[in-house]
Amino acid sequence: MTYRFDFSWLPLYWPVILKGLLTTVELILVGALCGVALGVACAGVRALGPRWLRPVVAAYVELIRNTPFLIQLFFIFFGLPSLGLQMSELQAANLAMVVNLGAYSSEIIRAGIEATPRGQFEAGASLAMTRFETFRHVVLIPALQRIWPALSSQIVIVMLGSAVVSQIAAEDVTFAANFIQSRTFRAFETYFLSTALYLLLALALRQALRGVGSLLFPRRAAR
Amino acid sequence: MSLIAITEVKKRFGDVEVLKGINLDVERGEVIAIIGKSGSGKSTLLRCVNGLEMIDDGSIMVAGAQLIPDELHLKALRLKVGMIFQQFNLFPHLSAGRNVMLSQMVVKKTPAAEAEAMARRMLDRVGLSHKFDAFPDQLSGGQQQRVAIARALAMQPMALLCDEITSALDPELVNEVLAVVKELAADGMTLMMVTHEMRFAREVCDRVVFMHQGRVHEIGPPEEVFGSPRTPELQQFLGAQLVA
Amino acid sequence: MSLIAITEVKKRFGDVEVLKGINLDVERGEVIAIIGKSGSGKSTLLRCVNGLEMIDDGSIMVAGAQLIPDELHLKALRLKVGMIFQQFNLFPHLSAGRNVMLSQMVVKKTPAAEAEAMARRMLDRVGLSHKFDAFPDQLSGGQQQRVAIARALAMQPMALLCDEITSALDPELVNEVLAVVKELAADGMTLMMVTHEMRFAREVCDRVVFMHQGRVHEIGPPEEVFGSPRTPELQQFLGAQLVA
Amino acid sequence: KAPEARADALQDVTARGTIRIAVPQDFPPFGSVGTDMTPMGYDIDVAKLIASKMGVKVELVPVTSANRIPYLQTNKVDLVISSLGKNAEREKVIDFSDAYAPFFNGVFAPSGVAVAKPEDLVGKTVGVTRGAIEDLELTKIAPTDAVIKRYEDNNGTISAFLSGQVQVVATGNVVAAAILERNPPKRPELKFLIKNSPCFIGLNKEQPALLAKVNAIIAAAKADGSLNAIAQKWLSADLPKDL
Amino acid sequence: MMTFTVWDILRNLLLAARWTVLLSLVSFLGGGLLGLALLFLRIGKRRAGRLFVQGYVELFQGTPLLMQLFLAFFGLGLFGIDVPAWLAAGLALILWTAAFLVEIWRGCVESVTRGQWEASASLGMGYVQQMRYVILPQAVRVAIPPTVGFSVQVVKGTALTSIIGFVELSKAGTVVTNATFQPFTVYGLVALIYFALCWPLSKSSQILERKFNVAHRHH
């Protein structure tokens, strides 16, 4: 018996796959939007926030970057309830995504901010802008533009990492694959299908991020 | 009363005392050239007047108000005194027009339409009204520096500080920027400028300040400073200038 | 027979024809200066002679051998013709001495001791014997360029190609490199050099080639080319040079 | 290794001198770990019993409910002794021995939760282990607006129940009992039975020799009381007569 | 009924962490060797080789490691290839690691300026000699910080092998949680152990980066 591929289950389980896709897309949308926002906030704090807050942010970033996403997810979903913090698996998954991407993107964005020529801060200051106004209007957009490719890759990596949220019964693409597999016993086909779906998602996401980039930074200014 | 009064200002970076007690009063409408060797503290002095560096001792008064280093007072100061840099420091993500509009809208909360009108007037004044929508990287160095001047002017400062604003320019472009500055001077703007353009300093300035080792070493009208330098240091400096 | 014979050489990048049929014979021991506006194809010509760019048409013969673009023939060519670049291109991870030794040992399989002796001789020739163990980032630009010359000389080439070897140097350092080149010329080395140093070209070179729009526009001894330029293009080029 | 060659897996096992058996490590009392992380439990003891009767060494492979059948299908194990229930779907892909342990699937919840029959699950969140019998059965009988959360393995299901992420779990009665024994914050109590689904040993299709051997060992163990001893040890009860 | 003390929990987690370390080492060494081989294809002259590596990178960077593990474990098994968990885990991690390392290293090779290629060519060196004596020695220096930085991702990546039943640190965490009902403590400890493994790596990568950047500024 060499293995025979059998995709006859596909029509029956199509809704499950679709739901999984939607969940994964939701995870990445929420994760990317809130995560990058959190990253900007953290990078901002580390650049010009109150001194006491900087080590706090640094600790958060280091902790997240040096522990696996899976463990963060378990901690949030299974661990936090014993502190009275209960949330649904989707909320937990979203939170984990945001927390994770927030830490990574803050490091990337910080690099972009640090690459800002000092003259930009000084020009802002000498035009009577406050530090925050300078950050907001002068520094941020070019900094984001500088690191947009790196940030895009990180978002794709985090999207692929989201596959483990099926571990807490969040019904994403991987969950769909596992679910179908447990009903049809067609392990290979289901994993094959979901791998293809992720590959497509990754390509589409990268394309979308390129689009967002060209909207946010309509001109490719030199450096 | 003088517009800018600098009294016994001292500034050190770590162990090095860069300004060793500067005294200088600038009258309203006066045009001051600051010359001196590299490292003599010219930039540091301007940066102190603009509040970009904190002074360690002495006092700086602008239009009667003491320079106090907190964000509120600094903002008030910088509304009175604009600064232009050697490296232009235009905002690369904004068009020339938006560069000029931004601080008006952010700092003074000027409505967009009004800020735009002002930006067009100022760009016109520096001869760049047709470049409103161009981005910095589409402009020559001279044009960029003129946009930077327009941007500072749009805040309607009482005085402008210029730190070697032509040093980063190709020789052909220097003149277009100096022409703009000359006009500003003729219009009565108070100017403090660090410059290496001796001919320009001689023609346009009311007084020339020669800095040496963190001190105002000689000061006077240009014909005096250039014509009959009193100290050997200034003589040597001017001699070197001629050769270069 | 000439050492380097360039016949009807054409080279295009994409749609743009950069060399439009170059003819030039360089005799053994001759020193040739190539001048011309930016973009006229000077670098491209030198790079073709060194096999760094493939020619599209025509032929290049060095010491009687045709330039054929495969690794073996290129290697043989480059053993005859060395090249020095504007950006020095020293190997940053090796000391000056090792920079000079490396290619001898790798390409010619010279034993280390012999290669080292040669490296010391060549560094001595460019006046840098005391910098044998210094790393490139510990050397001034002029010193780096002299190490690059020593490195090329250590391969004992029949000719040296120099592409604006002083353009990346601060003015004070230009002379030390030119002095070395002058000595090479006096010692009978065949040289083809792209340069903007007109005075140097006039003093040292046997013939001057003026390139214009991918062609050899004028050629002749320096007194002729500089003294009585025949074409308006060369006149204009020389005029601009004087002003700058 | 061509799959045909394993027409007689028994021969392979004897030749190898080792039998590879998939057992749970997250499903007390059938399988869990001790403080030294070694597997222990009803299924583990049965696995050891079978190996010793066959005269071979045993290699225990810890699996989850979700992946135990793929393990068998891909020949990573010879037998699955992992509280495996029988149903028609599964019988299409693997074979089953005679039953070796009693098992009742039920719906459990803390005393405060009012559930007495499948219809009462409306609006409730039920945790279940994906791919287990109770998952398949519950999916059939639960009302459409009951929310079923399917966890990767029993660890997940049990953790979800104990951390309050689900109010209700569907699992075996003995599992619930084993949870109770550890005095957890949330005490599961039986609300209603889903199915009496005793456990079977799973093996690949068309292995008549191995199947016969396993069945013979089970029958002998039932007869000589050694299986009953295992039941006493882990379930604190005698084997039901009809097993 | 046995009870777990905190020491029992920690001891078991630490024992399981040995697997995490071992898996990390295997994937890093294996991935490094494979990555190096792929690097030569990627920057080589042959178009087919370049395209192959590009496709490889696209595939392994574009799909979740989780899926790669599943497929290595169950997928190959279906074709009658018996893949034990440790092999599947090692294989998937090695392939995945190599896909990232080859891209990191390619960037480093390309950061060596064109002038270095040209200077060495004009001294008569062949491709292999250029690589061996001029390009790689420079690329290696640039490559060290990002490579060390990536090793953190590898250590964390081993957590996913728990899904194919590998009892490394994460799996031990879930199993122990189930035997103790103390998720907060257990996952907290698991996170701390990971942190203790990864943080020195991240930190040293940052320090190396700073060191090399300073070295670069001298030029």
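For reference, chains read A, B, C, D and E in written order, and residue numbers begin at 1 within each chain.
We adopt the following convention: a residue touches a chain if its C-beta (ideal position, glycine included) is under 8 Å from a C-beta of that chain, and two chains touch if they have at least 3 such contacts.
Bear in mind that the values here come from a model prediction, so they are computed numbers and not experimental data.
Listed by label, the chains that touch subunit A and also subunit D are E.
Each step here moves to a touching chain, and the least such steps from subunit A to subunit E number 1.
For subunit E, the chain whose average C-alpha position is most distant is B. Centre-to-centre, using mean CA coordinates, subunit B is 82 Å away from subunit D.
Averaged C-alpha coordinates put the centre of subunit B at 45 Å from the centre of subunit C. If you average the CA atoms of subunit C and of subunit D, the two centres end up 81 Å from each other.
With centres taken as mean Cα positions, subunit C sits 53 Å from subunit A.
Residue positions of subunit C touching 2 or more other chains: none.
Touching of two or more other chains is recorded for residues 3, 70, 73-74, 152, 156, 159, 163 of subunit D. Within subunit A, the positions touching two or more other chains are listed as 2, 78-79, 82, 167, 187. Which chains touch which is summed up as A-B, A-D, A-E, C-E, D-E. Touching subunit A in their complex are the following residues of subunit B: 50-52, 71, 74-75, 78-79, 82-83, 85, 87, 89-93, 102-103, 106-107, 135-137, 148, 151-152, 155.
Chain contact summary for the complex, subunit A toward subunit E: residues 2-3, 62-63, 65-72, 74-75, 78-80, 82-83, 156, 160-164, 167, 174, 177, 187-188, 191-192, 194-195, 198-199, 202-203. On subunit A, the positions that touch subunit D within their shared complex are 1-2, 77-79, 81-82, 86, 88-89, 166-169, 175, 178-179, 181-183, 185, 187. Interface residues of subunit E, counted against subunit A in their complex, comprise 59, 61-68, 70-71, 74-75, 78-80, 152, 156-157, 159-160, 162-163, 170, 173-174, 177, 182-184, 187-188, 190-191, 194-195, 198-199, 202. For subunit E in complex with subunit C, the residues that touch the partner chain are 113, 115-116, 118-127, 129, 133-134, 137-138, 141, 218-219.
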